[in-house]
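Read the structure below first, then the notes.
Labels for the chains are A, B, C and D, by order of writing; each one numbers its residues from 1.
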Amino acid sequence: MKFFEKLMSIDRRVIFLFVGVALIVPLFLDIEQTIEITPEVQTLYDAFMELPPGSKVLMAFDYDPPSAPELQPQAITGLRLCFDRNLKVIIIGLWPMGPMQANLALETVFSEENYFDKEPIYGVDYVNLGYSPGNELVIQRMGSSIPATFPRDFRGTSIEEIPLMRGIVNFSNFDYVFNLSAGYPGTVEWVQFAVDRFHARMGAANTAVQAPLVYPYIGTGQLTGLSGGMKGAAEFEKLTGFIGKGTKFMLSQSFAHMIVVFFIIIGNLAYFVTRGREEKKTG
Amino acid sequence: MDSVFSHTIAAILTIGIISFLYKDNPLYKFCESLFIGVSAGYWFVQQYYANLLPKLFDNLGITKLVGAENAPEGALQALFLEGRLDDNLLYLIAGVLGVMMLLRLSPKIGWIARWPLAFTVGSSAGLYFITYFQSNAMSQLEHTILPLNSFNNLVLIVGTVTGIIYFYFSKEHKGVFGGAAKVGIYFLMITFGASFGYTVMSRMSLLIGRIDFLFGTWLGLVK
Amino acid sequence: MRRQVPLLLTAIVGFVYIIQFFVPHKPFNIIEHLFTDWILIIAACAIWLGVLNLLKLSSEKVYKRAKDWPYALVIICGFFMITVAGFFFSGGRAFQESGTAFDYIYVNIFTPLSATMFALLAFFVASASYRAFRARTFEATLLLLAGFFVMLGRVPVGDLMTSWLPQGYRLSDLAGWIMMVPNMAGQRAIMIGIALGIMSTSLRVILGIERTITGGE
Amino acid sequence: MKAFSYSFTFYCLLGLILLATTDGLAQVESSDSLLSPLLPPSEVIAEDHPGDAGAAIIVRWKLSPDEDRGVTGYEIVRSTSPTGEFSSIGFAAAGSNRYVDANTEDSLTYYYKVLAIDVDKNVSESELSPPARSSPQWFNFHLLNLLIIGGLICGAVIYFIAHAKKGKKLFLRKIAGLEAVDEAIGRATEMGRPILFIPGILDMDDVQTIAAITILGRVAKTIAQYDTKLNVPTSRSIVMSTAMETVKEAYISAGRADAYSDDFVHYVTDEQFGYVAAVNGIMVRERPATCFYIGAFFAESLIMAETGNAIGAIQIAGTAMPAQLPFFVAACDYTLIGEELFAASAYLSGEPKQLGSLKGQDVGKIIAMSAIVIGALLETFFAISGSSFFGSLAELVHKLFSIVAS
């Protein structure tokens, strides 16, 4: 019984230690996880696979470093899948830090051993158009003219000098839109403007917090697919076969989550045991 | 080499902040002080380049006046060179208000700092009055007007109405009214529990990012 | 002058703001944009007050060799390091572009510090839920259950545990229902209350009834 | 010629039937658009965009009858003369029947045409719109309902303020967090430890900060009566300056000007997490007996509240940030929830005028609750009976609270 009393007033540093261990250890483990593929990630993957080589994919990076653990692995997987299938990638961002995250993701993709048919070339196979302020209005402007919305790329080169951008006027020139979103502006706005108004085909990767808000769009077909949080990242990696950090991170996150649940359970257990004893004393 | 050096700095700072969890210590104190100094400086520089320079100095033409290259023509040039009253001349008032704010440093006429303060407080009172009324009160209300033909709608309406009753100030929470307020508290508690539980997972991912930096980017142990 | 002018100014500015919402005609149409800019300019000037206060207190500490004075010195050094870098060694307006001295400090010092401070939440969220999620009273039990089900419903384990139930009745569905129905109801009550509170507070300030800030007692 | 078109249509129909009975649905569409010319949108109307500052004309049209057969969108063109050159001003997506031209000059008259465009880039032009001119208005009638309801609430607040001035006694329910303020200050005095007051992390241009500083003023007045140290770190310069002034006034009005020091209030940094790092440091080093977190908070709420909990301080929080309320409720002893934060300064002041405004707020709540209940009942009757009478009444209630501008 002493044990439970001690549990009641446990030093919070013990909890901290458990959380830390739960997060760190899985990163070093090579546990084979059974990752069940949910239908919305499957359809996202299928949408990429259906695109014929040479198709143009618009990738919108709408997140910043705090959300990177969840979204960066998905960005990397998405880019890798595009290059592997010879799809052309056009990157933009509605969040100021988005295009920088895109550059980091590109760096990761190129730094690892790849088996692409040919090394992707900037300006021909992919381009980063940078950030444009204005939230959803940017999407609306893109609907009438992309060159007017993004006159220059991330490096300051005029869009007219970029071979990949030749002939791109509005959403009808993109075969697919892939949005990585951590909040506003993000997938909700992309669906409302790019999909509903300009009939783009679109899939999305969202943080776990954000995902439930966009789930309804899958049912209606406004989104062709959705990958949510670490779990989505892990599934996406499993489907593409490029096992990256998403899978590892997801294990860490589940462990830490279970630790919290575990502590809540023993906290209540200890509470009921010690309370029962007190009642006996008084009664 | 350079990236090893900068990663090492970042890693030490990361560890320093985490060490606070164990207890207060010199490394944390160092990190904390460095953070205060650097971030205060960061916003100091930001405020100058993001607000003072483009909004005040450029609009008025002071940047041009002091001989900066490629500076745009401002309201002062328009007034004195062309004899034209530019709309941007209104920014002069903002400049005066800004200076009044700084006069707070003077013990004699420090009271004048209340003027720009009154301006700020007045405009935020007006702005918030409108925006909260419009998007918090009205739109939430409209979305709660639903037919009582499903269990969910019933729960939603009962929860919202009893929740509002909980906040009612000028009537004692007794009897039926008190009972309704009690139900309101129950709804608030479910709300708090749910949004708490909802964020736990995303908070974990923040830490994963830092751990990945330490063991992956810095030490190269996690591939 | 000292007491009346600020009160009058608050009232006028507050009313003008409310009027501009309903009146789209000149000159009201430019007021929101203009006033927002003015406030930003006032705040940008005011940051001098704060910074001078910080430097004054820190240097007093160093000068008097007060307890922990070396850390006060770190504050001062940190401040001057980034401001000198930002104003003189980072190419003026382009100070934030990657590769500048300002950006180097931002990326390697500012970012890890703020990201780690933010990440501490992972630990605190765990210790807070250990203490708070206990079935002490009926209200606390509701808090616990709602939190517990939502937490479990958001990880695969939750659905695995309830896989024997028909689809649509599993833990993730329960979590979704809690979020969409009772949680939404509570949120709406809170939001409507806040809106009324803000309207009333704003009105008190504009009418000069609440004058703690603008006009003293 | 006529015979040709008749036979053409006949063959088209025959082809259609043949195709439809096989499996080529997609082919139907393309052959269809190939054969009959694309029909243009019709009834193009252009008029001044209402309730604005001018410089905008709204163009409306009836969709092309070919909308379902491959129309990808509409191009809007305009000219300042009916016979002049028309230039493109923008696109609207398929299915939309309006476009706002927000780039007009009030002194000019404009003529519009709408062009339907299909998958194969076929273009078909509408008739000319009647002339239109933009102009500014003095009132935005889309917001009339807001004016009425807002006016009602304001009127109630002002009425009860005036009412309270006459000395009418008002009942107000207790707020636990406020009842605890005196006790918390007393405890700090007994223990000889300081009191920490965090006024949120937003600037003076947030109403929560205004409420926070007002509460600080009231709390400081009580603290001034004891010899307890007050510590107010701020994350904004204007907040620092205002808080200094307010605390000073409070000490003066409590007759303790001698006990006041400018060091009570100090600036730390504008950076959210830098500020938290400093506050955490202050907490573990100075070990305040009481911590107030009143104002606008974000993610830092839990970091501070958990640290405060670890040092065993009494914690009183208050915020109108819905996302942070759960954390304060979980980690603090008392929490002022949303509206209670704004009521707190009135409660603490004890002035009848201020308290009267709370009664006015309650009238707002009655309006809100009755709108929900009446609206829901009307909706329910409509759903059950299908009577258009209830339907239109329910729609009226919705319209009354609708904020959808044009």
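Just so it is clear, contacts are C-beta pairs under 8 Å (C-beta built on N, C-alpha and C of every residue); 3 or more make two chains touch, one makes a residue touch a chain.
All values reported here derive from a predicted model rather than from experimental measurement.
Of all chains in the assembly, those touching chain A and also chain C are B, D. If you compare B-C with A-D, the chain pair joined by more contacting C-beta pairs is B-C. Rounded to a whole number, the gap between the C-alpha centres of chain B and chain C is 4 angstrom.
Inter-chain centre distance (chain A to chain D, centres taken as mean C-alpha positions): 27 Å. If you average the Cα atoms of chain B and of chain D, the two centres end up 15 Å apart.
The residues of chain A that reach two or more other chains are 12, 16, 19, 23, 65-66, 208, 256-257, 260, listed in rising order. For chain D, residues touching at least two other chains, in rising order: 146, 150, 153, 203-205, 207, 210, 238, 241-242, 245, 267-271, 273-274, 277, 306, 322, 325, 327, 329-330, 337-340, 343, 358, 361, 364-365, 368. Multi-chain contact residues, meaning those touching two or more other chains, occur in chain B at positions 17, 20-21, 29, 31-32, 35-36, 38-40, 42-43, 101, 104, 114, 117, 120-121, 123-125, 127-128, 132-133, 137, 141, 144, 157, 160-161, 164, 167, 188, 191-193, 195-196, 198-201, 204, 206-207, 209. Within the complex formed with chain C, the residues of chain A that make contact are 10, 12, 15-16, 18-20, 23, 36, 65-66, 100, 208, 212, 231, 254, 256-261, 263-264, 267-268, 271-272. The part of chain B that touches chain D in the complex is made up of residues 17, 20, 23-24, 28-29, 31-32, 35-36, 38-40, 42-43, 101, 104, 113-114, 117, 120-121, 123-125, 127-128, 132-135, 137-139, 141-142, 144-149, 153, 157, 160-161, 164-165, 167-173, 188, 191-193, 195-196, 199. Residues 51-53, 136-140, 143, 146-147, 150, 153-154, 157-158, 161, 203-205, 207, 210-211, 213-214, 217-218, 234, 236-238, 240-242, 245-246, 249-250, 253, 263, 266-274, 276-277, 299, 302-303, 305-306, 309, 320, 322, 325, 327, 329-331, 337-343, 345-346, 349, 353-354, 357-358, 360-361, 364-365, 368 of chain D are the ones that touch chain C when the two sit in their complex. Of all residues in chain C, those touching chain B in their complex are 2, 5-7, 9-18, 21, 30, 32, 34-35, 37-52, 54, 68, 71-72, 74-83, 86-87, 93, 95-96, 102, 104-123, 125, 129, 132-133, 138-140, 142-151, 154-155, 177-196, 198-199, 201-203, 205-206, 213-215. Touching chain A in their complex are the following residues of chain C: 98, 111, 115, 118, 122-123, 125-127, 129-131, 133-136, 144, 147-148, 151-152, 154-157, 176, 179.
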